[in-house]
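Pasting a structure here, questions to come.
Chain naming follows the written order as A, B and C, and within any one chain the residues start at number 1.
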Amino acid sequence: MANRKETRSARVGDWVDERSGWRLAWSTVFIRKIPKVNWLYTLGSATLFVLVIQVVTGVLLTFYYVPEPAQAHASVRYITHELSFGWLIRGLHHFGASAMVILTIAHMLRVVLYGAYKYPREITWLTGVMLLLLVFSFGFTGYLLPWDQRAYWASVVGTQIAEVTPFIGSWLKTVMLGGEEISALTLPRFYGAHVWALPAILLSLVGIHLYLVVRNGITSIPKKDE
Amino acid sequence: MADVTRRRFLVRAIAVMAGAIAAMVGAPAIGYLIGPSSDRSGSGDWIPLGTATSVQPGDPVLMKATVERKSGWLTDSQEVSVFVSTENGQNFTALSNVCTHLGCRVRWVPDQSGFFCPCHNAVFARDGSVATGPPPRPLDSFETKLEDGTIFIKEA
Amino acid sequence: MNEQEKEEYLEEYAEEKKKGVDFFPDIIFKDTLVMLIVFLILFGLSAFEGAGLEEIADPTDDSYTPKPEWYFLFLFQLLKFFPGNIEVVGVIVLPTLAIAFLAALPWTDRSTRRHWSGRPLVTGVTAALFAGGVFLTVQALLEAPAPGGDAVTAQGDPVAELYSANCAGCHGTSVVANPGTDFYRVIAGGTHEGMPAFASDLTVEEIDSLVGFILVPRGNDTFAATCGDCHAVGDLVEIEPSELRDALALGADYSPHSGAGVPVWGEILSDDVQAQLLNFLSAPDGQRLWSQQCAACHGTSVAFEGGEAELRRVVIAGGSHLEMPSFREQLSDEEIAVLAGFVTGAEVGPEAAALWTASCFGCHGGRIPTATSHAAAVAAITTGGAHETMPVWGEVLTDEQLDSLVDYVVGVASGSGASGGKELYAQNCASCHGALGEGGPNPTRVGDIIAPISTAEYLETRDDRTLEAIIAQGQPNFGMSPFGSAFGGPLDNEQIDAIVAFMRAWEADPPVDLPPEVPDVPAATASGSEVFAQLCTQCHGVEGEGPIGPSLKDETWQASHTDEEIFDAINLGHSATPMIAWGEILSSAQIGELVSAIRDLGRPPPAGIPTFEANVLPIFERSCNLCHGTSGGWSGSTYSDTLLTGDPSPTIIPGDPLNSRLLQTLNGTHPQGVVMPPGSPLSDLDVETITNWIVGGAPEN
């Protein structure tokens, strides 16, 4: 640190570091050695990247979207067809959902392939399984929001599948829908879950997941005899 | 040395790629957010007010028209009120009835031959100019035209 | 893993790390490159493919083919392998097991082996799970053709088209189901898996043919190979199974086939294939079988005292259980001879058919008995008595058809046995649907109108099971609560059957008829009252008294609706009722006049001679004095002004309406000037009031 040129930016950096310790945080996360790995190891960060895309575009969509049956479809149509770059924001969010599913599963397969769920990464794996379920939950709740025919009927089918659950099936469906069938009560429910509840859980789990990845490091590629 | 160059290249490449992604999301996002403010539908449309015969030389007549305004995916109707007056039955003057001071509605007082605003006792002359009181500028006026006996104003 | 193994691993890992690479920038570079690629793919998809948006959700659209997003397709497809009771295995058990397997991996696989070849079980099961998911997804994508494009229609078969339009979207090219599934009920009523109820979209015949198609796909193939060259499915579905059986068995001897070179299918096709063909053309539906086979003799009476087994015996055996009257007294010998000729198929004149219709049709219906000889026929007709009147159905109908016929008769018989259908209807249904099923304002939903349920169209498009389901389960969307005891309502199944039987009685003579589409579009110049007479009276009555639509002359109705509300109701209509959006047919001006015409209904013309103060002045105040009070000329503001002002005055000649200038102007019979008031003439009622006032001498009070 002593030989660092006394540039203005370095001085600002020092000033902030003195009060926040960001250099330590930065070096802990980024300035470290990890075993030699192959391209399959980019799947995790790619998933994280798509998650960020989903969060950013999702937040942007809420600027216009109205979760109310009379307006939901009109607002989505407005976003898609009239608003400048609305097609892009909604398109990224729409296809990002599929990308999340693909990348999460691919990432998971890589972990299984290399036995990366073993000591000391058991908790990382467990949070990962939960995250996979969450990704599907996002897909399910988000699908109804545009309130078009496809969304509506897919949700009809989806919630009726839930009804098959033994003993509590019909109760479960009523709770999910906020009534006997998809109604004005259902849309805000799905919206609340998709935009508030699920992201809160997801981001907490992602936080734990990432902390553990940094703490334990990523697995090396196992050798044949390992 | 080669290692340093390689390192510098990698850092640059990361910066360029991350910058490209950020730009491709960021710029559209800004356009997306400010999109509706640039959308001024309805301005420049001619709004029919009523028949010319209802305005005679003399006192201005308060005329109302309903304007459909589109905000996003919703369309709602707003009422536009203007004072229309004429000297000769051919050329018409249309003045907004909104006081330029704080937005109260002015009314025509025939005795004083002026528009009176009840909020701060401002008075505008027949042509809309400020006679007395706090308003900073004359009443807003609209371009008018006469077509098939109907008076139109042009939406600002 | 014990402590030593853990330590070994950590050491080894630390070693790997030391030999490794920098996370920043080496790894981050790779990550960023992949991110950029992923982003460009997403960007490209958004730009060129775009996130689609279909029409706004329409919960009433049963024709829509629901399809989940692709990443749920595997689950959707899995369901097809687990129909009925074991559905729970596909939906809950398997996915839960898969997730549990994944979550428990670190604890089930405790070996130190990390290379995949050292963990064959884990990698094997995971690969199987993944491959299974991919397989199911791909299969679902291949099987469910996009609505519109489908493989099944290629045959040009209407039933196959029906199938592909309604079923293939979810079920693919064939439906696998447990034996004994009641397909009719499933199609008509829908299932809890998200299959909509088709009863409202398909006719009974269409559902029948679908059942046939699903039940016996080979029947369809057989049909295409044997009958398809000459017949359309729709034609043959109408024909009675016994006749179809004859057609198969008799070959060219079957009269419509004579000379057509038709082979004797009965010898070519095996019994199984024939049964499939018959099932295909006349799928089991008790209600329809009854109307085809039994109603000709039994009418709608399905009262049967015995049990199901006995009924089945009677139906299967057929036999001589009816007493035919002796016709010796009623017909001349010549007539009897003609009839005998008719039933033996001899050449007879057209009077034979007429005679048959007059004397025999009432009992025999369209089924003409066959007699072995002319003499036997004459003997049967003259003596009457018990002879074989009911066919041996056991030989004619397939087992499925017998089952459903017996079920139907037993079901309906037990329902109608109570014979309380009418009372039950009056107690439970009439308050909303009206005593005659004519409908009316929906008490549970403001502004909603309940459409008639007693029209021929309504009853014909809903079979008994659908009506039973509606009554039992209610229509929560429309505010109808469930009436079936199974759903918390007051009625048991027998009572619901009785109500349905009562409603069926309407079908022959519907008390309510929907208006024809739009009889004639009223001329643009038609006045409000003319439009009212032409269009509105169909439902609202000549004087607005109803009964199909609400009474418009009713005082509370008049008081509780503003002109704007009435205008909007006419202009926009009420969805799901015969009250269509007339704004598409009538001009705004006409609707405006219609509103005043409707207002007139609530203001009956004054009794006796109208007076100026009570009757005429209000009209002037309302319609004339805005202009005339102030701008000179005629003024109607006071009695004397009305009589004296005007140019030329007077405008009113008491007792002489024809020559009164005022009326001439109101009626448009004056050569000069426009009809007053300009743009919106007075309603007929107002003009009539003024006319009567002038005729009566134009009194002031």
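One rule holds in what follows: a residue touches a chain if its C-beta (ideal position, glycine included) is under 8 Å from a C-beta of that chain, and two chains touch if they have at least 3 such contacts.
Predicted model, so just to flag it, every value in this text is computed and none were measured.
Taken as a graph of touching chains, this assembly is complete, with every chain in contact with every other.
More C-beta pairs in contact connect the chains of A-C than those of the other pair, out of A-C and A-B. Centre-to-centre separation of chain B and chain C, using mean CA positions: 51 Å. Separating the CA-averaged centres of chain A and chain B is a span of 43 Å. The multi-chain contact residues of chain B, meaning those touching 2 or more other chains, are 25.
The set of chain A residues touching two or more other chains comprises 53, 74, 77, 88, 92.
Shared interface positions of chain C, defined as residues touching 2 or more other chains, are 28, 33, 35, 39, 43. Residues of chain B that touch chain A in their complex: 25, 28-29, 31-33, 35-36, 38, 72-74. The part of chain B that touches chain C in the complex is made up of residues 7, 10-11, 13-14, 17-18, 20-21, 24-25. Across the interface of their complex, chain A is touched by residues 1, 6, 9-10, 13, 16-24, 27-28, 30-31, 33-35, 38-39, 41-43, 45-47, 49-59, 61, 64-72, 75-76, 79, 87-88, 91-92, 99, 102-103, 105-107, 109, 112-119, 122-123, 126, 130, 192-194, 476-477 of chain C. Touching chain B in their complex are the following residues of chain A: 53, 56-57, 60, 63-64, 71, 74-75, 77-78, 82-86, 88-89, 92. Listing the residues of chain A that touch chain C in their complex gives 29-37, 39, 41-43, 45-46, 49-50, 53, 69, 73-74, 76-77, 80-81, 87-88, 90-99, 101, 103, 105, 108-109, 112-115, 117-122, 125-126, 129, 132-133, 136, 139-140, 143, 146-154, 156-158, 160-161, 163-166, 180-182, 217, 219-220, 222-226.
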